[in-house]
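One chain, subunit A, appears in both complexes that follow, with subunit B as partner in the first and subunit C in the second.
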Partner chain A sequence: MERSEEYIKNERKQDWRVALQKKTKAKDRMSIERALMAETEPEVRIKSQRIEVNTGLTMEQAVTEASRCMDCVNPTCMEGCPVSINIPKFIKHIECGETLEAASVLKETSALPAVCGRVCPQELQCEQKCFYVEKLNQPAVAIGYLERFAADFERESGHVATPEMVASNGIKVAVIGSGPSGLSFAGDMAKLGYDVTVFEALHEIGGVLKYGIPEFRLPNAVVDVEIESLRRMGVKFITNYIVGQTASLDDLKADGYKAFYVGSGAGLPRFMNIPGENANGILSSNEYLTRVNLMGADSEESDTPVLRGKNVVVVGGGNTAMDSVRTAKRLGAERAMIVYRRSEEEMPARVEEVHHAKQEGVEFLTLTNPIEYIADENGRVAQMKVQKMELGEPDSSGRRRPVPVEGSEYILDCEVVVVAVGVSPNPLIPNSVEGLDVSKWGTIEVVKDKMQSSIPEMFAGGDIVRGGATVILAMGDGRKAAKNMDIFLTEKYLSN
Partner chain B sequence: MNKIVEKEHFSEKIVKIVVEAPLIAKSRKPGNFVILRVGEKGERIPLTIAGANVEKGTIDLVVQKMGVSSTKVCDLEVGEYITDLVGPLGKPTEIHNLGTILCCGGGVGNAPLLPIVEAYKKAGNKVITILAARNKDLIILEDEMRKHSDELIVMTDDGSYGKKGLITEGMEEVIKREKIDECVTIGPAIMMKFCSLLTKKYEIPTVASLNSIMVDGTGMCGACRVTVGGKTKFTCVDGPEFDAHQIDFEEMMSRLGGYKQEEVDKYDQFQK
Partner chain C sequence: MKEFKSINDILDFAINEEAMAAEFYTALAAKMKHKQIKETFEQYAIEELGHRAKLEAIKNGKGQDFSDAKVADMKIADYLVEVDEDKTNMTYQEALTIAMKKEKSAFRLYSDLAAATTDEVAKKLFLNLAQEEAKHKLRFEVEYDENILTEN
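Showing the complex of A and B:
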């Protein structure tokens, strides 16, 4: 639930916080070095899709790291967090050894702390705004590591707390899509007393958290525990149900649903439309990652096949490209390569992912762009023609535009190519709902900060509104939508 | 989980199952398909909805044993459950009153063809149906087709039933005899290709229903892409039916073999 600035300031003055503030001198806090995350050795981890790379902080490391935090009067870190986690409060609980309390602070505002602690681009969000970075030009407090630590501790302790709940008001709301946005919305609405049902097209709950992000970065078990918490809060989940196809929105209204939250994601893969792209062996990152992560195709026991090759090229430079190329390595590729048309500096992937990929032996062919695919006599891709690029003037995104270098083409051998050049919004809902305002990019238009669409009882957020974004932004949208839908529904049905 | 309430063997390799799926039964239209999965390690495979009973809340699926996944479906008995079933998927067939329609089904393609034949007939068309297969045992749904067709022609490659010859020979006979306003063809890719070549010669608008490889069936993966009129389309959301004269059948057939080796390996493993 939302806490005012005032409230947060007063909490900081509580006895236990004041005592902690006094216990260690600021200078001593600032002289501690930032914790290093332990990782599984690259040679070991590339043998399996399911060995987590980062292994978490020890209790000792976590307490030490927590004591770096200055418990600032004005905690700027919180401004960088899209769900406004009370960062100093949870960190100070860790410093006192009250890890379960720390976890419950996280749960106040985030439905999926163990997930965010792992996949949030912390370096660009909370940590970038940390006092250490802004004022001291030193490495930030490792907020993400600590968040993961507290959430993992709670999960492993078996004492998973159920958050405070308001008495049920019996009003039915439907959530379309079970990605992070839908889950975070569902959690908040359940807390507010609504009767929440989440509809998911696939056979698993979690959206990209399950079918996209690989288990070596985010184990499915971690996601499942968070989903279990939502179930305990009374949220219902219906899989294999495509809203707009299995039944229409009107059918759901007839069933008593009073309002809808669309969190249907950006599931449509983009291709480059270059010659030969429909040859066998060339697939979207969505297909590749879904086969492995959702269908378990890396395992012998799965009925779903996946293509393996000696030379695997992944086209793109985002998180999806890194996840694909590291998956290729784990499926046994001798050469797993990234082909990216700009330079490493412009890569949208998290720095940590690029670093891990390099440790694992991934090759980076930057300033290189595919222009044609060449298939063998069986129609399977065998080679790709690429062109060198150089950086020109900045484009509208502020990144320097890549320009082809004439006459620089050369041939690269490849038996599998994964195209990871972006996704577009999932068109199922925008196409099936009459009167819904949709942008020219196919995203659903909403009133900013309210997340309400042109249809009053329909709210939307996450990738379907933003195009491809991040887990935490999707969750932030879910929270905002819950708050505003609550106001909308209270006015309509609960006030006399 | 969806329960199997009836099962019938059409032939050694082709089985019809009736499955509980009340919402899909209600919302499905001719041309729609479902995606299902048998077992926790199961693969997602597409199957056309061959019929539905809204009162009973059931849909009919007709499945041919091809590899591991279709065999697992065929081996399910009455009272057992399909682990996951989602649909209806794909664009429904565009049914209009056009005059005379020639419906051509090959092998297990007769299953998806049946609801289309039914719908064309209901819309007031004259429907001539040709069913073709390698031999007598592989001709399925003959009685149901006859019920909804003005004329039914059966052809077998070996002459063991009906007329001997390829489906295109039967088609040409009809086309020479009377004016055909539209043709629908569903069956193996190679058959659809030759049907399409024939109707192109006679300038008869033709629709083919493609059975591309699929994973999600919602436009998310691109496994099902085909080239139609020079543009890449996703069979699951843009199809499965397309203007046959615009389809790049060579590419489509090549893509059907995209996982051939992997599938053979899985099948060998399954047999053990």
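Showing the complex of A and C:
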């Protein structure tokens, strides 16, 4: 899909857009207050892992919010979108009441709009670049809310559009991993006419969207609809298939696959390696969330129930930590606590997630760091020794680093601990493919912006390259890789 | 306890410690299975040789003297469990842990030597050497802080 500056400008000059620009005065647009997202009450939502917190905008709210958008000559919001969604165009369709058309615009460049509308950190991306923020110091147009509204409207209407497709060229490409990066790549390659097969190690498609993000933030049904759209575009999915074990890359080559996209993610848990961390009841956030999200371990009837406790401590301050601690609350913890070594200001989690966690009764022990776990006579964790921290003087990078306060140690009771201090790349492909350049972090080295690895027919993106990033950055990598793999394969197989 | 007869004697001891540290990392590098971790330990060995060169320059009166600035201690290494140095498939997290702990023990050695001596000149030199080791440790702790404790 053409995304040049000229194309964007010409789109803006279309009659319907010009009519809309003239319909409402700028000062009237600017006088409208940003829409508020309706939420399920905290006391209701904490009863189930599957009650969504944000409930979406109404049609009236969406149209009003869309009319706040100034349809800028230079839409800076688009610069903040890693998948280059034509933001003003989709918003203006909503303002006209053409919501299905708005959804089609989203799908021109995004394989997962209903997902992104829910979990993207828009406040750091498109919305941060919005005219309202940059020039007026006012709240941005609620681009994320509107994206979700359009995608949900389309899904609920039953008229899910399939994007424009190029005729099939018969060239087989394999995608390793069905997370956001692999799905985004698969969508773009299918549109370009390639025969795409996605290999997934688990029994469910969706990668981190399914095993990592709880249903109270992202219902699995929403992900499934997006996957169904890809199936309709001809993308094939094979589950329970571990490339590097079930079959090697050479086996796939022998099967006729001409190129590969590795989006195998960062599913390797990371621990702190402090004394006592091997006690029972101390889990990685990967395990905790996967058991609940993918295996239904929160159900009383589950064959593999997850450990519960009165006092649950989650170590970390990112979105995964928030997802884990809010899950613990839903599993009945009386005290669900975050232990984080910096202050709340430095927390990498989205402000919205921290806010929701507080509404749900989560306790925040900031500037606090675990230094040892103490187990009971059965080897089950019973207590955690923590230490208070303070932020030191800024170093040469200007960052204040946490340093321990001498003599500030104290004991916290805990029956379950979830460690969410980061993840490492899945080691299977990096360790099993001869000739593949890998960094000391275990990530696959690629040529920046091309996403091509040291093996020319192998491209990679998302967390296996970044080591832990956001859904939308992973999707952006998938799009870049598709564009460059298309150039590579066209030159090699289609240019004569 | 080892006896030091002169300032040069102390510097020779410290120079030898750096050379031994370089040898330690070179030996670790040799047995690592993964290329990237092998290269990491080789890099650490080069850094130790750099420390040795700095001390040699000070001994020969050619280098800059020690800085008196107090080095921050994040104490990350203090609470981590030991890494099994016989492993051949270490991760970068483990490599950093080994390096932090090694610098920490060098810091302790010089701090202890400073406490044990009554000679004021020797005491100052030991404290300076301890601060140098603290600086090396901080370099690894900052890397650990930024890249391992990422809290996503």
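By our rule, the second predicted complex is superposed on the first by the 487 of 496 C-alpha atoms of A that agree within 3 Å, B and C clash if a C-alpha of one lies under 4 Å from a C-alpha of the other, contacts with A are read in each partner's own complex, and residues count from 1 in each chain.
Basically, contacts are C-beta pairs under 8 Å (C-beta built on N, C-alpha and C of every residue); 3 or more make two chains touch, one makes a residue touch a chain.
This is a predicted model, so every value here is computed, not measured.
Student: For A:Asn273 in the superposed arrangement: first (subunit B), second (subunit C), both or neither?
Tutor: Both partners.
Student: Would you sort A:Val421 into first (subunit B), second (subunit C), both or neither based on which partner it touches?
Tutor: A:Val421 contacts subunit C only, not subunit B.
Student: Report for A:Gly234: first if it touches subunit B alone, second if subunit C alone, otherwise both or neither.
Tutor: neither
Student: Would you sort A:Tyr340 into first (subunit B), second (subunit C), both or neither based on which partner it touches?
Tutor: second
Student: If we overlay the two complexes on their shared chain A, which of subunit B and subunit C does A:Gly316 touch? Say first, second, both or neither.
Tutor: second
Student: For A:Ser302, select first, second, both or neither according to whether it touches subunit B, subunit C, the two together, or no partner.
Tutor: The answer is first: A:Ser302 touches subunit B but not subunit C.
Student: Taking the superposition on A as described, I'd like to know which of subunit B and subunit C A:Pro219 touches: first, second, both or neither.
Tutor: neither
Student: According to the stated criteria, A:Leu202 is in contact with first (subunit B), second (subunit C), both, or neither; which is it?
Tutor: After superposition on chain A, A:Leu202 lies in contact with subunit B alone.
Student: So in the superposed three-chain picture, is A:Trp441 touching just subunit B, just subunit C, both, or none of them (first/second/both/neither)?
Tutor: second
Student: Indicate the residue numbers of subunit A shared between its subunit B interface and its subunit C interface, in ascending order.
Tutor: 273, 277
Student: For the complex, which residues does subunit B have touching subunit A?
Tutor: 23-24, 26-27, 37, 39, 41-44, 68-69, 72, 83-89, 215-216, 218-223, 225-227, 232, 237, 251, 254-255, 257-259, 262-263, 265-266, 269-270
Student: Contact residues on subunit C for subunit A in the complex?
Tutor: 34-37, 39-40, 72-75, 79-81, 83, 91-93, 95, 97, 142, 145, 147-152
Student: Under the definition above, what is the set of subunit A residues touching subunit B in their complex?
Tutor: 201-203, 239-242, 245-248, 267-269, 271, 273, 277-281, 283-284, 286-287, 290-291, 295-296, 299-307, 378-380, 426-428
Student: For subunit A, which residues are in contact with subunit C within the complex?
Tutor: Residues 270, 272-275, 277, 316-321, 340-341, 347-348, 371-372, 392-393, 395, 401-404, 420-424, 431, 438-442, 467-468 of subunit A touch subunit C in their complex.
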